[in-house]
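You will see two complexes here that share chain A, one where it goes with chain B and one where it goes with chain C.
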Partner chain A sequence: MTFGDSLPFMRCVAMTQRKRPSSTQSSSQRRHTGNLVAQDEDDDATFTQPSTSQVQRGLEKLTPAQVDQKTAEVVQYFLVKDQKKMPVRRADLVKHVVKDYRNIYPEILKRAARTFDQVFGLKLVEIDPKNKMYILVNNLETPDKASPVRSPSNPKMGLLLAILSVIFMKGGVVRENLIWNTLRKLRVDPGEKHEEFGDVRKMVTDEFVRQRYLEYVRIPHTEPIEHEFRWGQRADAEVSKVKILEFMGELHEQDPKTWTQQYRQAHSLPNSSQASTSSSSQR
Partner chain B sequence: MSRQMGESHRRFLQTMMVSGVIDEQAAKALYQYCCETHHTQYAPDKLEDFIDTINSRLQPMFMQIRKGMSENNGLQYYALVNMAETDITRMSSDYADNELELFRKTLDLIVCSENGKASSTDILNSTDSMTTRKMKKSETEHLLSRLVHDKWLSEKRGEYTLSTRCIIEMEPYIRTMYQDHIKVCHICRNIAFQCQICENPTCGIKIHNPCVARYFKGKSEPRCPSCDDFWPHEIPEVKRPHSQSRR
Partner chain C sequence: MKRSKGGGDEEAPRHNGSAGRRKADQQQSDGDEGGSDIGPADLQDDDNDQGLRREIRSKYRDLISSVQQNREDMLSPSNNKLTEVLEEANKLFKDVRQAREAALDAQLLVVATDLGKEKASQLFSEGTAFDPTAFAEHLLSFMGLNRLEDDEDEQQNTANGYLPQDAWHRLARRAECCFRTAPSFHYMMGSFYAEPPPPKQRIERQRKAPSKEAKRIMPTQLKKMEESQQEATEKEVERILGYLKSYYQDDPTSPISYYEFVIDPSSFSRTVENIFHTSFLIRDGLARMYLDEEKLPCIAPVEEGEVEAGGSTSRKQCILSISPKIWKELIDAFDIKDSIIRPPNTQND
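Showing the complex of A and B:
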């Protein structure tokens, strides 16, 4: 399956990141980010988009080398975040990287997007216009022939793809029980600690959700509380519904067209414009 | 002379980003594949130029695709490395403070050892002198297996060595930090951890195992290239590249 091949992981860490406290758990990191949320939202509220003339004036005061340097830092920051599949929030970007250069922020972001495109073959995509969050998506087309270099196998992605497929084939929303049953059929029991995935429930309802592959939303008025799953914004931007349908076709030895609803869904929008804006209309 | 970056370069770079380190044969196959997939002109002997083009665009981000030799099989490998950090903080987003401290201690053990290895026992014992939060035995073992999985260390029979990727990436840092302790191969002039040493006390030159294999190949009586004393160590076989392009 080429899905795994299309997700870029960066193995080397580029820049000065906040050091994690001495702990072997990742929950401390989550708490850390959680505490910053309120503060960063304030920062974002106070960040007003500079006007074009302000940006021009700002650029005149800086050397090209300075602007290039800052652009490089933004690129590194994104690549590190993308390694963990975490979206980048504009507020964090401005606070931790852009800093004093915030008056030329749109120009920096534009140049970073160009670097992603020209050097890495990645597209900078805004997945949340309201909260200003960005992810990197593969811009290279899926080749017909497989690469001679096998990427390190990523079983999580295989499981995720199974979940996304079920959701898509079922019309885009499913109650959580269906997903748990599907996983059990794949011998991955959400109730038990799994050899490869560890806490399966946590991986599906927390990790995949934070990475924006899935949405896990409470269904109101359910007792006991039930949730439903939908595709997340990253899945919308990265995963090809056409390819899922083709795979389903192979699996069931049917023509993909026999699933008329899903076929229409998959072919209604070209994948690249499914997620909202590209770099040119960034803010 | 750097050409423009094209789709073939980007695909090569994306593969490097996913794989981290690949052997030369895989790199050549990948280069051909990328050129053919994107209908770019392919010249078999131009891999270095191809990589130079990518490197010229990576340079502002302090990233490079660098080449280095494996101390185990003598083959050349390409790794995507971070040039920005002068410390091991390059790993800092993946590892906690105390984990990094233990990695540094492991590095100490390996660099200062004669055979370029650190036993798991020695590594476990070094946790006694940790200044950050101490690690239990199980935590240390778990960390070591993560370091192997993330391709910083290699493990064989309970002994840990630096992976090829680690050596390629950290050579500048190690040269600076351990100036007086590092060994340099007399043949290829690169940093050496696992190597053979001339037994002549006034000589003591070091040669990588694969460099020994190549240098002494076919010689009936191996003699030290520096002091001409008899070279007493077992001469390994020259390893040939195999067709599998894993790792």
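Showing the complex of A and C:
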């Protein structure tokens, strides 16, 4: 795969209509969905993963250029969705981008993953095998110190780091009041509008949750209703517990090993900063 | 499981904890066996005493809320408050007869066990404990908090100091090392904009606009000034004529020195204004200037009868100039202490 492969992607500024591929494809689709109208439904249940032989047959009917074009469209869709760090649902991807090529969907996703890896240094990660959601994660090693490139930093990441650190150091689950109290000590009051973050409560319980950085779950039997925070799937894939522990050590001027449980947890997993691998193993 | 007969309604037997307690209590509290020997009448009274029921329920609610409100306090391993709450609940439970109280008892148990679980987890964690408060303090220092030296307000620790503008950015940069975030995709140069550059036109318009406005403003101001100037000048001229006449009438025979008349020893600019206004009087023929024996200029009002419109008398023109230096010399030479023409109150210098 060369840089030439990324050219079709560069050209795709707008998703324009193309000629539909040959009509023999629609018969295989009808087998899955029952009728042509049902193709427009975004209900993931109607999308059954095509088998390898189906993919093979589908590929034979298309030109390489067509497949490359479709791959490029998928890549661009992901890159744009990733701007806001929202995960991509397979159903949306199939409905809006893959469309008629859904019978070779696994092949397209595989090629897209390869593009991300080789061209962009990114990793396509499935964070939710059940609901089929994907995110993009940086495949390159994180620098030890701050990056020499002076790109504008997002202060929300600072707040997120504080929250994730507390959750991790407290064993992975905390009641929401602990987070709110800690934030208040950091001069961020969830009840007031913060000059940097605005509506803090909404940012933490809604935005971060939708981005899958945090999980905000109701605790049963609590009156008044209380929630607890955990790490979200994106945090599991993106954030390094080892690095967080190092940061804790710096802040408290202690050896990270003094937090034995957390140290053990951080170093136990072989890929302590990553979740499941990319698309080729998906169901 | 033994139950007092008089009660008759279902109770907490579903909850193992409270049932177990109840057995123990019943064996202890009731003097007789399992309560079944108490007469039905006594039991009925006890059961149906609404006041007692309410009291019990209210006490349970107090206990529950105290556990919920003082959660952090009770979590601390330094006290036994949770045990005290449970002992209190045990005492209350002896009097529980109806479902409502028992339900509250169950609720208290849920809350208490939850707290107990958390306390237990504190016990079992090895290694150094993690204190979120200390963490917050360290984080504030990391973000560059400028702590103010304040000996008096030691209680207001939270309000001490202020965070710099880029506090959260500092933390965000540190976070970049811990996160493997994919950099966001954005076109480097933005999107392609094919229209001819309108900004230039806009700039021109902007430049023109202020000058037009400025021009527009100036005429109005000038008009105002002219009007006020005209009025002011006329008024001033009349006023000065008044001074001239009154001074002349005091002593018609002695000539009024022009310099003494116009000069204001305290203000050079007013002196110049006086000269200016006096010149109007002369132009209009209301006053005349002449030279006395010593060739010094004098000024006198023109009598009513003497005024001739147009004037066959030869008109002479002269240009006066005065500088601060000459002004001071005149003041010294003529020893002018006061100004004859009183300065007007409203006019600005």
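As a working rule, the second predicted complex is superposed on the first by the 231 of 283 C-alpha atoms of A that agree within 3 Å, B and C clash if a C-alpha of one lies under 4 Å from a C-alpha of the other, contacts with A are read in each partner's own complex, and residues count from 1 in each chain.
The rule is simple: contacts are C-beta pairs under 8 Å (C-beta built on N, C-alpha and C of every residue); 3 or more make two chains touch, one makes a residue touch a chain.
Predicted, not measured: the structure shown is a model, and the values here were computed from it.
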Touched partner set for A:Val119, first chain B, second chain C, both or neither: first
Which of chain B and chain C A:Asp68 touches, first, second, both or neither: first
Which of chain B and chain C A:Val80 touches, first, second, both or neither: both
First, second, both or neither for A:Gln261, with chain B first and chain C second: second
Touching partner for A:Gln56 - first (chain B), second (chain C), both, neither: neither
Partner chain(s) touched by A:Asn138 [first = chain B, second = chain C, both, neither]: both
Comparison of chain B and chain C by chain A residues contacted: C
On chain A, positions contacted by chain B and by chain C: 13, 79-80, 83, 120, 138, 140, 143-145, 147, 151
Chain B contact footprint on chain A (complex, rising order): 5, 7-17, 19-24, 68-69, 71-72, 75-76, 79-80, 83-84, 115, 118-121, 138, 140, 143-145, 147-152
Interfacial residue positions of chain A with respect to chain C in the complex: 13, 79-80, 82-83, 85, 120, 122, 135-140, 142-147, 151, 153-162, 165-166, 169-171, 177-178, 181-182, 185-187, 196, 221, 223, 237-240, 243-244, 247-248, 251-252, 254, 258-263, 273-274
Contact set on chain B toward chain A in their complex: 5, 7, 10-11, 13-15, 17-20, 22, 26, 29-30, 33, 36-37, 54, 57-58, 60-63, 80-82, 84-85, 89-99, 132-133, 139, 142, 150-151, 169, 245-246
Chain A-touching residues of chain C, taken from the complex the two chains share: 68, 71, 107, 110-111, 114, 121, 125-128, 130, 132-140, 142-143, 158, 163, 168-186, 191
